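There's a structure below that I have some questions on.
Chains: A, B, C, D and E, in written order; residue numbering restarts at 1 for each.
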Amino acid sequence: MPAEQLPEWTALAPAYILAATAMVLFVIDSIDPDSDNRNLLAGTAIVGTLASVGVATWFLLAWGSGTGPGPTITLFGEAVVVDGTSLFFTVIVTTVTALVLLASYDYLADDPHQAEYYSLIILAATGMVLMASSNSLATVFVSLELASLPSYALVSILKRNRGSSEAGLKYFLIGALSSAIFVYGISLVYGATGSLILSDVAAALDEGADGFEGLLGVGVVMLIGGFAFKTASVPFHFWAPEAYEGAPAPVSAFLSSASKAAGFVIAFRVFVEAFPLDVVAAMGVDWALMFQVLAVVTMIVGNFAAAVQSNVKRMLAYSSIGHAGYALIGLAAITGGNPGHDATVLGASMMHLLVYGFMNTGAFLFIALVEHWDVGRTFDDYRGLARTAPFASLAMAVFMFSLAGLPPFSGFASKYVLFLAAIGAGYWWLAAVGAVTSALSLYYYSRVVKALWLDDPIDGTPRVDSYPRGIYVAIIAAAALTVLALPAFGVGFDLAETAATALFE
Amino acid sequence: MAAFDFAPAIALLPFVSFLIALTVGKHLPKKGALPGIAATAGALLLSIWAVVAVAGGEYHHAVLYEWVAAEEALSFHFGILIDPLSAMMLVIVSLIAFLVHVFSLGYMNDEGEIGLPRYYAGLGLFTFSMLAFVYADNLLMAFMFFELVGLCSFLLIGFWFRERAPPSAAKKAFLVTRFGDYFFLIGVVGVFATFGTGMFASVNGFESFPELAEAALAGEADVNTFGFAAETWFSILGLLVLGGVIGKSAQFPLHTWLPDAMEGPTPVSALIHAATMVAAGVYLVARMYGFYALSPTLLAIIAFVGGFTALFAATMGVVKNDVKQVLAYSTISQYGYMMVALGVGAYVAATFHLMTHAFFKALLFLGAGAVIIATHHEQNMWKMGGLKDRLPVTYWTFLVGSLALAGILPFSGFWSKDEVLYDALLIGLENPIFLGAYAMALLAVFFTGFYTFRMVLLTFHGEPRSDHAENAHALGWNVKFPLVVLGVLAAVAGFINMKPVEDLTGAEILYLEYWLDGEYGAVEGLTYGAYNTLVADVSGLGAADIGPLLPGVIALAVAVAGVALAWVLYNDPEPEEHTARLGAVRDLWYNNYYQDEAQVWLARNVTLPLSRRADTFDQGVIDGVVNGVGSVSLTGGDRLRRIQTGLVTNYAALIALGLVVLLVAFAVVGGWF
Amino acid sequence: MMIEALIAVALIGSLVVLASPDRYAAQLALAISLIPVAGSLWMYSAFDGAGNALLGGDIAFETGPITWVEVGDYALQWHMGLDGVSMPLVVLTTVLTTLAILSAWTPIDERQSQFYGLMLLMQGSLIGVFAALDFFVWFVFWEAVLVPMYFLIGVWGGPRRKYAAIKFFVYTNVASLVMFIGFIALVFSLDVTTFGLPEITAALEGTGPTPLATAAFFAMFAGFAVKVPIVPVHTWLPDAHVEAPTPVSVMLAGVLLKMGTYALLRFNFTMLPEVAIEYAPFIVALAVLSVIYGALLALAQRDLKRIVAYSSISSMGYVLLGLVAYTVHGVGGATFQMVSHGLISGLMFMTVGVIYNATHTRMVTDMSGLADKMPVTVGVFVAAAFGYMGLPLMSGFAAEYFVFVGSFQSDTLPNHGMALATAIAMFGIVVVAGYLLFAMQRTMFGPFELETDYEIVPAPVRDVTPLLVLLGLVILLGIAPDLIYEMIRDAVSPVLENGGDL
Amino acid sequence: MAYLELLAFGLFALVTLSSSAGVVLVEDIWHAALLLGVALTSVAVHYVMLQAEFLAVIQVLVYIGGVLILITFAVMLTREGREESEVATT
Amino acid sequence: MTVPIEYYVLLSAGMFCIGLFGILTRRNALMFLMSVELMLNAANINLIAFALLHGNLTGQTFALFVIALAAAEVAIGIGIILGLNRNFGDVDVTEATTMRW
């Protein structure tokens, strides 16, 4: 049955499926609280997530298969919307979730709180899917919290691990602060416009802000703070290195890929829909300029700090901050005057997030594998791993080079298009900063590859005692996606651009 | 069947022998000598045939191969030009090459050398390159084979590579000539850029660059003179090409490689340094004489360089102890005479001396080689002596050669050298500036006579002064045959152009002059007469009008004086060195005026430190900047990450600070309040 | 489809070799690499292009443009084709790769399958670089070359291989990105709908030295200069060369450096001739500096490989000099020099490698009289060295001569400055002779001595074979430069017309 | 009326702010928790004045009844924990 | 509306700043939590005040959500703080600095 003929309420099916999966997991957990039946728990979670991936992909392709953009379906009094953008990000989030769940199967083999873990992940994923579909500042906030709260718990799920609990604390505290700022920002925007529905906000702004420009401006900056927290952009990034480092690696993967993408989708939607740049810039609220500042600072801080890390996971954490900077170009390079251009920029950013989702998840899952082996965390500990684990190391090399933006991997194409779009919009200097930092990133990414492939182990061969199937499958799948995204880049970018175009209409 | 149909084979035959020696040489009897002899004999016959054909009134030009297909009037091709000059040179080169091959049978094969295929391959390639250079029809081709000649000299001089000195000498030979060739190459490029052609002769629809230059000077042709006046530019070009000439013909100051090059096997010395490679430079000037004749400045420079070199080298020859060294310096000196001749417009005299010198110097080298074989590779003259009786054939031929070199009537050297001096005097009397060149050349005659006979006396006369000299062993036919042939030639070759005799008797016996003047056949414009006109008309060098007798007598007297002094000092069964009497001058001469030291100093104390400095600079500064950028980035990154203090309170503060900064900044920018 | 087929063979072959056991990897890689050789030689024989790939006219084996993805108003396309400039370079790539693989049999004794797989991967990318006519595709291949190179240096290199690999990697990558931004900024100022190089070139025709064009020109110039490399951005090269294993040095010097000069020709000098001419004094100065300074540096080295490495800088200076001359022989000679230097420097590195295999040292001071022990190898070395010095009838002379003739009569500098610059640059031929002769004298000749404790035996046939093949090619091109020079001239002539009234 | 309302606002604003300040300023965490209760209650009063009586009720229920109890509970737990650990370590 | 909206905005801003001040100065994690509650309440004041101003219930409804989520946040936060207490033996946020730079 074609997707168009389904009733409207089914448009949120990916979210429903995830929510239902979470419920099933709760039920299982409540029937047998001490279950360590990994197959059942992880299986349920994965099946549910994959179903969600399938449905989301189906919807997305159906949405983008027509001549123009597909329909924009709004539900619950316009509080929730399903369009190309939301489906696009739903695909990102659910795919990453599926990969993470797959890897968790082995990673958490000895953890006593399996059911909690899986249900928390699924719940967070649900929140993220809802973030992608939020069409009102209220739903934005609620779904953001729905995604955040399980994340806090997930980061500190290793109860006996000091790192995990420290990471959880920091993540939570900064998160709480940020959400306070964010909600205060919402209250100010509401004050200035009298509405929380994005399109209504835009409509209100169209008629002028009634002397509330100041409030609006402060509100917008605070909103940006909230988004910046979620996307780990400087200066709201402080939680990220610690949270990613301390959290179990699959959770780090989940947070740095899915959560970041979800943060970006609300930023995209809120700023594009609610604050049309040409309108608000006239009021002195040039948010594109703010994002430019943020993008530059984020790219620089993330990449430079990553360059000097000795702990691989922490390096990846910083690199993920750097990538937030690249993705921010999608908002920073919006000009407001030219919807075609802006859609290209935004689409490029979306595409980068998609590709980034694959490669970054893969990279963190490799860390998960290494943690599983318990060989250590520093570059030195990684030396010579390629001898004993060539396939995983090959995949890691793919991730690293792809993250660095080298062909023939998809990270190259997405960066290429992103810089292209930025230069096209006239922001060549943004692209220049991106390019320079990206070259620097090559240095630290290649250090990983060097350690894996070029260096000899410090003493003997590293202790690699098992080849956990789940993590391996997840890593190989992520690598395959990273590579295959290049040939499929055209399709993906078309979808992203169409979705972005629809956002601007 | 015309003689010229086989012209390409003149050069290609030795090339084939090169290939044979290189590939299958070690399986052949005599290790490649026989193909070499056959090839050079063939080349010789074909060259003689070509001479006969030219004498029949023809010349030959053919484009053999387009190196780069012609385009925009720039033609890079290989072509053959056989006119009187090149035909004569072909005969000389192939003859000497043939004789050297034969001689090598005795010198190398009989001595049980290893690596003979390499030796004969080198000889073959050398002969090939030289012959191809000789009949090249354009400057580019000439340059290319000029360079190949240099390569071969490297290979042959360094033949005994297992020792220290020969490779070093080989390196020096190539490097110093390369330095000259650098200028030559600029000249070649400049000629092509200026005239669009490097042709020596206007034949077959080509225009030659000397004629274009002449036309340009006359305002009849338009060429790119690169912003200079035409005459200046042509002088510059000529000088640049002259750089190659000075290098290859071992003229001051690029002569230093030649004495060192004596480290090569003696037959090679004979081939390379007597008759061919060194001759290449002078030949080149003769080949494009129409161009040099256009500029009085150039002519004066050539004459002066030649005169100075002639004297300069002769003085150094006076004190040498190694028989080959004496010959080496005499070679440099004799080429100086040729340069003098070319400088004063005496095209015939230069060519004449080139020819006679080829014969007698090859003879002397081979003779020295024969002595060296006989004395079991002894080269120091003070350890010889008394060889006259043990090696009669060698002695008599060597003596002929020495007399020719010293310029004693009636041996060939006298006639040619006399003509050089005579012509120099003629020009010099009219244009005093050339008189200096003449004076130096004349003075050199004295030294020539002296060192030549010092050498003869020390080597062959007196008592044997070493066991080797005492036990000199007999020589085979393959050694004697070339000596005899060359001995005859050295004695009689002068008769083809006896200027004083002609003057005295009025008989028309200046065969060489007629030959070069196109009496028998030549390319128009490439004749002695044409050049003479150019020198007189364009360069404005007039000639005095005096007979050749008096100058001849003077030259002869000076030469005899030199010989006589040598006789007085060294005709003694136990000769003394006598050089101590020269005092400081002896050291100066013995050390070659410290020329080598100067060049070594230049290389070791200027170039090398400069390059070391550059290397230090490169490693330190340039690479330092690169690495510096890297470490600055890392330091920056390290500083940057220090804001991540680990204290969540600080994070909150920084977030708040960031927010406030953003708020304030944008509030100000946006004018919110 | 021939080009695509060659690339596909190389890439698939690379995967096959990567998956094969170490024991057969070398043979397998050699066999696979022969297919592109045969293919490219067939293409060479069937070559019928007379135009310039960017400026129009017939080009050979063209495929595309096929639109792959639309980015905003621009289409990224697959577009391949060969003209007289790229055809010889493609042949050079395939031939050199095969020979490099052959020469790797002795020195590479671990992880063979990975090594040969990467070599083939690099080959495929290099073909792509020379054949691509769309910026995106070109850039993909351009960057893709870095990855195998990084590993090849980093895994199989010398003691400081990691430093060298990362330096090479980051340095050239920074350069690529600078170039990328400059170029894209330029393109966006144009009225084009694709990144097809021909279209961009056409749109740029007549662009004077506007601020944007100038900035873009220098961004691209800087980017390519690193690759070439041109002084003062050359310092990655000696490190990379010295640390890389022999076959990799061969590829690095033989083909990778040509990527830079090729790109300079295609982008800077074909697309923005007016800017190039405006800033010719600067470019000429860099060219002359590269020649002389590079040669001086080579003179100061005591490691055979470093000597050859620095001499590449010198040789590449000639290419730049020829390019900026904007004459048929200048630009054509520069292109010819790319091929010629590829062959000769490849030959030099291989020979040094063979010597190293036997002696386990490359220091000039550690050995002497090698000619006694390995006559054929030393013979080839001597021949190669003379080729490097520009001995006539070897390709090096032809290339240098064309460049000199072309640049000497060029008008790009006022007051015949090019003639003077050429004359100065030509002094490089003396210095190159100096250091090569010095090195030869010390190492090859004299009494045999060796500091290391290794028994010297003549090199095996499989090591010598590639040397002889390369030497043969060098001589062949020296005797008959028109084998490629004719097509090169056809292809570069439009560049000069595009360059205005020069 | 209007003045009265303004006066009430001012009064409760003062209470709100001063008790809030007290929350962050007092040393003892017990007192801070209690002051937080005061602050939140006075906010509820503001809600009433803003015609949001329902929210005021919810505020009291959720905050005073839930959140504050939770915090108090946590304060007790952690204090105890610390004392315990101190005992354990000394 | 008798009390001008600006007053409410000022009140809420003051409360927000006090909360922020608390976060910046106090080291006890629970104090951190309480300060965040203050900030959230500040936002709520705004929302409700503006709901009155604009005459719609959106603000009030949203405030309801905020209250609910704040409660949930506190619950999660206390869980985390207890975990911290277990691992570090303290609720001082400046103790947990094993990861930095």
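The rule we apply is simple: contacts are C-beta pairs under 8 Å (C-beta built on N, C-alpha and C of every residue); 3 or more make two chains touch, one makes a residue touch a chain.
Note that the coordinates shown come from a computational prediction; the quantities given were computed from them, not determined experimentally.
Of all chains in the assembly, those touching chain A and also chain B are C, E. Note on connectivity: the fewest chain-to-chain touch steps from chain C to chain E number 2. Leaving out chain E, the touch network of the other chains consists of the groups A, B, C | D.
If you compare B-C with A-C, the chain pair joined by more contacting C-beta pairs is B-C. When each chain is reduced to the average of its Cα atoms, D sits farthest from chain C.
Across the assembly, the mean Cα position most removed from that of chain A is the one of B.
Measuring from the average of all protein CA coordinates, the nearest chain centre is that of C.
If you average the CA atoms of chain C and of chain D, the two centres end up 75 Å from each other. The mean-CA centres of chain A and chain E are about 26 angstrom from one another, to the nearest whole unit.
Separating the centre of chain D from that of chain E, both taken as means of CA atoms, is a distance of 11 Å. Separation between the centroids of chain A and chain D, computed from CA atoms only, is 36 Å. Within chain B, residues 630, 641, 644, 646, 648, 652 each touch two or more of the remaining chains.
Annotation for chain D: no residues touch two or more other chains.
In chain C, the residues touching two or more other chains are 170. Of all possible chain pairs, the ones that touch are A-B, A-C, A-E, B-C, B-E, D-E.
For chain E in complex with chain D, the residues that touch the partner chain are 2-3, 7-8, 11, 14-15, 18-19, 21-22, 25-26, 28, 30-31, 33-35, 37-38, 41, 44-45, 48-49, 51-52, 60, 63-64, 67-68, 70-71, 74-75, 78, 81-82, 85-86, 89-91.
Taken in their complex, chain C has these residues touching chain B: 167, 170-171, 231-232, 234-236, 293, 296-301, 328-329, 369, 371-372, 386, 389, 391-393, 397-398, 401-402, 404-405, 408-409, 415-416, 419, 422-423, 426-427, 429-430, 433-434, 437-438, 440-441, 444-448, 480-482, 485-486, 489. Chain B meets chain E in the complex at residues 641-642, 644-649, 652-653, 656.
Every residue of chain A that touches chain E in the complex is listed here, in rising order: 137-138, 141-142, 145, 149, 152-153, 156, 159-163, 165-170, 172-173, 176-177, 179-181, 183-184, 186-188, 190-191, 194-196, 215, 241-242, 245-246, 314.
Against chain B, in their complex, chain E makes its touches with residues 20, 23-24, 27, 93-94, 96-101.
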